[in-house]
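Heads up, the next two complexes both have subunit A, just with different partners, subunit B and then subunit C.
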Partner chain A sequence: MAIHKILCCCGSGLGSSLIVHMNTEEVVKKLGHPEIEVDHSTISDIHEGAADLFVVGGDLADFVNNVPDDKKIVLKNILDKNELEEKLKAHLG
Partner chain B sequence: MAVLGFIVNILSTPAILVGLLALLGLVLQGKPAEDVLKGTIKTIVGFLVLGAGSSFLQSDSLLAFGQVFNYAFNMQGVVPNNEAVVADALKNFGSDSAIVMACGMVLNIVLARFSRMPYIFLTGHHTLYMACMLTVILGGAGGLTGPALWLAAGSILGLIMVLSPAYCQVTYRKVTGGDAIALGHFGGIGYWFAGVIGKLFAKDPNRKSTEEINFSKRLIFLRDTTVSIGITMFFLFLIVTGVAVARGILNVDPTNEAYSHLGVLLNYNQETTTNWIVWCITAGLSFSGGVYIILSGVRLIIGEIVPAFKGIADKLVPGAKPALDCPVAFTYAPNAVIIGFLSSFVGGIVGLLILVGVNAAIPVALILPGVVPHFFCGATAGVFGNAEGGLKGCIAGAFAHGLLITFLPAICMPVFTNLGYTGTTFSDADFSWLGIVFGNLVHFAGGAVLVAICVVLYLLPIIYNFVAPKKEAKEA
Partner chain C sequence: MALTMSDMLKRENVQIVDSCKDWEDSVHVAVQPLVDGGYVKPEYIDGIIQNAKELGPYFVLVPDLALLHARPEQGAIKKQLAVTVVRKGVEFKKGEPCRVLVTLAAEDSDSHIDVMRILASMFADPANIEKVATAETADDVYSLFVNFPAA
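And now, the complex of A and B:
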């Protein structure tokens, strides 16, 4: 399924998710998909349909348990752009 | 003159002023017109949403809590919550806070460039909260206005934006295993303190890291602030209202000014009757709802400003280190997060009991333990304690932190009470210590002297950089 919207999430949806949001935007552009909308919010907002792909840090993996694997990315290191790029590539095809 | 009046009106309308700052940031980044428009409008909407959240939180929950608490215990109960106090304060100090925030970010870049603390503070919501607090104290209590206020508060904001990451870095480099990133979170002094306490256990022969033991992660669901605030406030309402009901609050005269926000609880002028336990559920969860709305507003505001700030800083300060929000630390020691939270929370309860004891001798505000500050700050304190002294360091450091974020707000509370903020206060440690220092300083210094003190404090790290011998020179 095509990905139109990526949502990066953290506890209160203010600090670390915004950093991941900025990184994701950069990587998505680099991968040639500038049309994809990237946003960030709180983990309260994770539910089917809110986005096509959710990005969270490993410490929040429990919050995406109900999300199918092809709709989520769980980052070991939320600051590592290489890990992010690798995982985004796999999803964007 | 009409044009001038219009311009002044724009600058004194906080929502539009914040929008203009975002517009400036977006233009400086060379964004296309539609992105500039989108970002500017989202920022303005964010500011308006924040105000709406604040009104909802105050009228449907916080004011009622204060009245019930007062009836039940005849004391002032305070729920520490940054969002609640900031959103309320921005109603009166919105424009000044916005300008102070902008000044602080510029001065952060200058300090990062010319001092030995090369940190760029990227936790935008904390920058906003700190700008607001300094504006309220130096403007509201210190009597500064206009450019004098912007310069004084902006200087202190710029200073703390590098100072807080700097004192955290002592331990944070042990957490992250390097110097590439720093911690940008105004619970800073509490983390530093947890590190100092943790260090007491550094030489323990049986030292064990929190990550070497098995620990249930089930409590992690409290990371969801909507859930954790809802649970805490429900229980606080239930306990406090329960005591009030036992003492006969349901039979008081509802027209009395002291119960003006308790219409629903007292079933006064209502179309339906509400049981008091049901009232506790809705009033408690309304607090969470209010914070949820405020956070949505804050997210819209800083979502545009932080990337602009980062973009500009990256160009102007080569080799700058980003100071990032505390959850970044959580991935390094997930067990320490939960243990730190629990230990800090216990510290908060013990601290509250001590305050109750102190209250018998000297009247103090009772700082109730909030799950959010203990979770986010306590967890970070746990990670710091663990990095210095393993499991024991984590438990002791986070416990000490829990005491600290109970006592500091209690000491700071008179400053805010005098300014009319009674039911809630800042929860994180850096807000409290700066609040205590500057809230008291304004009694001794005012006007030009106060501005001069702030500017000199700001310049000290730069002067030190140029005057004091460099470490590299010593080694050579």
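And now, the complex of A and C:
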């Protein structure tokens, strides 16, 4: 399924999610998808339909257990752009 | 105009301590300068501790670095940072001591974006965290932050 919106989430919606948001925006542009909308919020906003792809840090993996694998990225290192790029590539095709 | 590190970090909000009793104590120590400066209400401390108990220590961004923060409505007044180096480290996760505690007060979810961009590029390199953790004085810690080049 085409990805139109990516939502980066963390516990408070303004710290790590904002960093991942900036990195995601940079990487999707680099991968040739500037049309994808990227935003950040808290994990309580994760629900079907809120976005096509959710990105969270590994510490919050338990909170995305019910999100199917093809709709989420769980990062080991949230500051690592290479890991993010690799995982985004797999989803964007 | 872009926000600079010196808009967000004041020298008096940078400190070095030897150790903290436990992680909850370290949150009190690391947030206190922002309480004293009127940037957050005292309940911001409880907000951070409560969030950590509910969600786990998701604010430990990379080994040795915690970005302590709560939601704006949990007691933030004005955006600002504080930096606390704990020489002996604090275990938010067992067996993973963290020496650099950066406390963030944010009024909303993104007006502090310029400074987050600087912090993200600074902490993407573990060598920079090591420099902060082992800096000799609080003045040196402060310089490392305000002199880090904005991308």
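To be clear about the criterion, the second predicted complex is superposed on the first by the 93 of 93 C-alpha atoms of A that agree within 3 Å, B and C clash if a C-alpha of one lies under 4 Å from a C-alpha of the other, contacts with A are read in each partner's own complex, and residues count from 1 in each chain.
The rule we apply is simple: a contact is a pair of C-beta atoms (placed from the backbone, for glycine too) under 8 Å apart; a residue touches a chain by one contact, two chains touch by 3 or more.
Predicted, not measured: the structure shown is a model, and the values here were computed from it.
After superposition onto subunit A, the partners subunit B and subunit C occupy overlapping space and clash. Touch criterion met: A:K76 reaches subunit B, while subunit C stays clear of it.
Using the contact criterion defined above for the overlaid structures, shared-chain residue A:N23 touches subunit C, although it does not reach subunit B.
Legend: residue contacts after superposition of the two complexes on their common chain; A:S44 is shown touching subunit B, with no touch to subunit C. By the document's definition of touching, neither partner reaches A:L92: not subunit B, not subunit C. Of the two partner chains placed by superposition, A:L31 touches none, neither subunit B nor subunit C.
Within the three-chain overlay, subunit B meets subunit C in a clash at only one of the listed stretches 184-192, 238-246 or 346-354, and that stretch is 184-192.
Common to the subunit B-facing and subunit C-facing surfaces of subunit A are residues 10-16, 18-19, 22, 40-43, 57, 59-60, 63, 77-79. Contact residues on subunit A toward subunit C in their complex (touch as defined above): 10-16, 18-19, 22-23, 40-43, 57, 59-60, 63, 77-81. On the side of subunit C, the complex with subunit A involves touching residues 51, 54-62, 67, 69-72, 104, 106, 108-110, 112-113, 116-117, 119-120, 123-124.
Those residues of subunit B lying in contact with subunit A across their complex are 122-126, 181, 184-185, 217, 220-221, 223-227, 292, 295, 298-299, 302-303, 306-307, 310, 322, 324-328, 330-331, 334, 337, 376. Those residues of subunit A that touch subunit B in the shared complex are 10-16, 18-19, 21-22, 40-44, 57-60, 62-63, 76-79.
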